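First chain written, first letter: the chains are A, B and C, and each begins at residue 1.
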Amino acid sequence: MLRHLRLMFCFAKFSLLGELAFRSNFLLKILVELIWLGILLTFFKTIFGKSSNVAGWNEHEFLFFVGAYYALEGFVETFFLENCVEFSELVRSGNLDFCLLKPIDPQFFITLRRVDWSTAPKILLGFIMISFAMYEIGKPLELWKVPLFLILFLCGCSLAYSFLLLLTALSVWMIRNQSLMEVWWLFTNLMRYPRQIYDSEWALPIRMVFGFIIPALLAVSIPVEFAVKEINIEFTLFLFVIAVVYFQLSRMFFNYSLKYYRSASS
Amino acid sequence: MNKYFNIARLSLKERLTYRGDFLFSSFLRFLPMITSILLWKSVYSSSEQDSLSGFSFKQVIAYLLLVNISRMFSSMPGLATNLARDVREGSIKKYLLQPIDLIGYLMSYRIAHKAAYISTSLVPYIILFGSCASFFDTFPTPVGCAYFILSLMLAFVIGFYFEVCLGMLSFWILEVTSLLYVVTTLSFFLSGHLIPLDLLDTTGWLDVLKNLPFAYLAYFPAAIFLQKISDDDLLLRFFIGVLWALFFFLLSRVILYFGLRKYSAYGA
Amino acid sequence: MIVIKTNNLSKQFRVYEKPAGLIGSFKSLFNSKFKDIHAVENINLEIHEGEIVGFLGPNGAGKTTTLKMLSGLLFPTNGNATVLGYVPWERPVEFRKAFSLVMGQKSQLWWDLPASDSFELHKEIYKIDPVKFKKNVGELTEIFQVANLLNKPVRELSLGERMKLELIASLLHDPKLLLLDEPTIGLDVVAQSAMHRCLYEFNQTRKITILLTSHYMRDVETLCSRILVISGGKMVYDGQLQGLKDEFGKEKLIKIQFKNLVPDQVFSKFEQLEITGGIVRLRVSKNDVPSVLAIVSQCEEVLDISIEDPPIEEVIEKLFVSHRSKSL
């Protein structure tokens, strides 16, 4: 465990050094993230300028949600996204071999070896938005809720990671990684807004599939509902369980795809 | 003239070979529409108003569908980045030696590219618009349709020359790709791709936004189709749009001239 | 101590035909045609500790495939192998710490960072003791003479410099076995010699077993005591280099330089490879060498004479040809 932490520290350090070597590029990337934040907040403000609530979420609760989503997106982009996108390149070039030779768990090495520092501020900004939303709501968050919220938040991150890993593993069979990014973007689209938006009748199939089978709808919704709306015990437990299940499943599938790579690559 | 036609023919062929995954990714691109529809439905039902900034719920959805068409004409994937790369890597040299005009070449390539893209997108788009026909309450008059088509041409021209100018900045700036990233992000919002510009009336910037070149890339054609622009305003808007097109056209020529001069001075 | 032992190691690949066009692709969903490629067939070898073994063969012979199986990167179709006492494709952690694989023209160093950073990462991954690490880095840097390169970003280095650093990285954790796949490809002669020298020194001082694949004879001639020749997936020779020359090199090349033109008809009995001006080059069987020398001693104004073994490439080529004709 300690060794893995030390390795993470190494990965983080060297990634940062690598990014700082291209300073203007790095700063521009951060600028883009800030512009996106501006766009997101403007969109948010515009909607709440026209309506006092959206699908039962008032302005401050919604802001909490936006902050949580932004932080989750930042978390996945900082630690995993770049590595997963690079995976199909590793498969294509055969450099995946080097990762398999190291005396270290391949999933750990492949999905964590680069840290994208330009998206790291999103995590902080997301939590700042959350704090601001709490302040606006007025009543403080109960102390016992804080660690549980963080655990649920990490469950949401883990769910997103597992889905990303499943997509990544497919690159062993399909070399085109353009579709990977598009499917990932679809997934994030489902996490982006409170799940109550999908409450209308004809959206039932979406609620069924993406609420229970590939529970993208729950990833951000449930943790935030836990914090500032009514706690739904069944869904909360479900999120926790399904996050663990998906983590195991995605890991198994990833290792399976590596086995396939090792029997087929020439 | 013949050589441009041949270039156009080749890139058309290129585009058509990827038909299979193309249909798939076109389909994928429309799924987020469902989320948008549901989101705006919630907004409208809780606002208890039928019209927000002059847009009804159906019109907002129709707008979001229509900007896809505008973007089909005005988006230039890879134009600026490939151009920037060619400048950086020196493949621009051949334009100093061969009797072919860089911008002319890029234009022929793009037109063919667009033609192929639009023709192969017809089927998914027809399916999409067909299933969403209920969102379209009104249709423009034949004159309105003509204006709509003109605005799409304008979107193409402005989009093209704007990206060419950006790409050619790499004659002087090294990290153009990152700069492009910033501009694309800004353009996404300022063009009205995310949200109809009219809904931003509370920000106080509406008048400025409507006159920026970005607005012509997505907002303008959609607004014409939905008859959101009054007749006296329409001619003025077109006039400003044409000015922008002319501006970027001239700018691209100037940049190319000075850029190539710099190139031959330093021998790349 | 036996480091590598294989028993009928074989690998087949099933390659599916990729049809052209949309209709072809559609058809292939129902009826895909495939070919079975026998990349490696029944390789039996035994390598002892401290040996430097060369693994020669033309492109596509199966060298890289064999190496990948020995390093655990590929599952064999048949047969088994033990490397350092482990079954390679089970990839136990202890095994991965005990050997290194270096592939020519492929880099495992971080591109944008100086090599010293990659080394440090290596130290963490292989859990190398910090004191030993420092000592190793110092020693290796000295042997390879790369002290001034350690702090430059890897992307700024030439191929030769990068390969040296790759080699250092592969040796930092004191592996007992070093597998090299075409390490000198793309390197100029100077860089090649430098690498040979360093590998040899390393083998002598640290008793590390080295298995090196190449299609350059130079690598093998200078370094290896023993060579394995593989062709068409099969092992065609396993033994000493000299033995190879003896068995297949029953000829000599003789070059004679005259002051004036080469005398006519004198060497017509023998295979003449080249006559230009005053120089003649002959290929003769070993037994005919005395006859040639006798003739030369009769000639006038001989400036120079040299007798050489034919290049080993020719010998190997003969080996492949004879093997191919045997298998037909």
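Everything below uses one rule, namely that contacts are C-beta pairs under 8 Å (C-beta built on N, C-alpha and C of every residue); 3 or more make two chains touch, one makes a residue touch a chain.
Being a predicted model, the structure only gives us computed values, none of them experimental.
Ranking all chains by how far their C-alpha centres lie from the centre of subunit C, first place goes to B.
Inter-chain contacts peak for the pair A-B, counting C-beta pairs in contact. Computed from the mean C-alpha positions, the centre of subunit A lies at a distance of 30 Å from the centre of subunit B.
Centre-to-centre separation of subunit B and subunit C, using mean CA positions: 55 Å.
Centroid to centroid, with C-alpha atoms defining each point, subunit A and subunit C lie 46 Å apart. In subunit A, the residues touching two or more other chains are 22. In subunit B, no residue reaches two or more other chains under the touch definition.
Subunit B makes touch with subunit A in their complex at residues 21, 24-25, 28-29, 31-32, 34-35, 38-39, 41-44, 46-47, 49, 52-53, 175, 178-179, 181-182, 185-186, 188-189, 194-195, 199-200, 202-203. Subunit C meets subunit A in the complex at residues 13, 37, 39, 65, 68, 71-75, 89, 91, 93-94, 96-97, 100-101, 103, 106, 108, 110, 112-113, 117, 120-121, 124-127, 153. Across the complex, subunit A meets subunit C through its residues 3, 6-7, 10-11, 14, 17-18, 21-22, 93-95, 97-98, 100-104, 109, 259, 262-266. Taken together, the subunit A residues at the contact with subunit B in this complex read 22, 24-25, 28-29, 31-32, 35-36, 39, 42-43, 46-47, 49-55, 176, 178-179, 182-183, 186, 189-190, 192-193, 196-198, 200, 203, 206.
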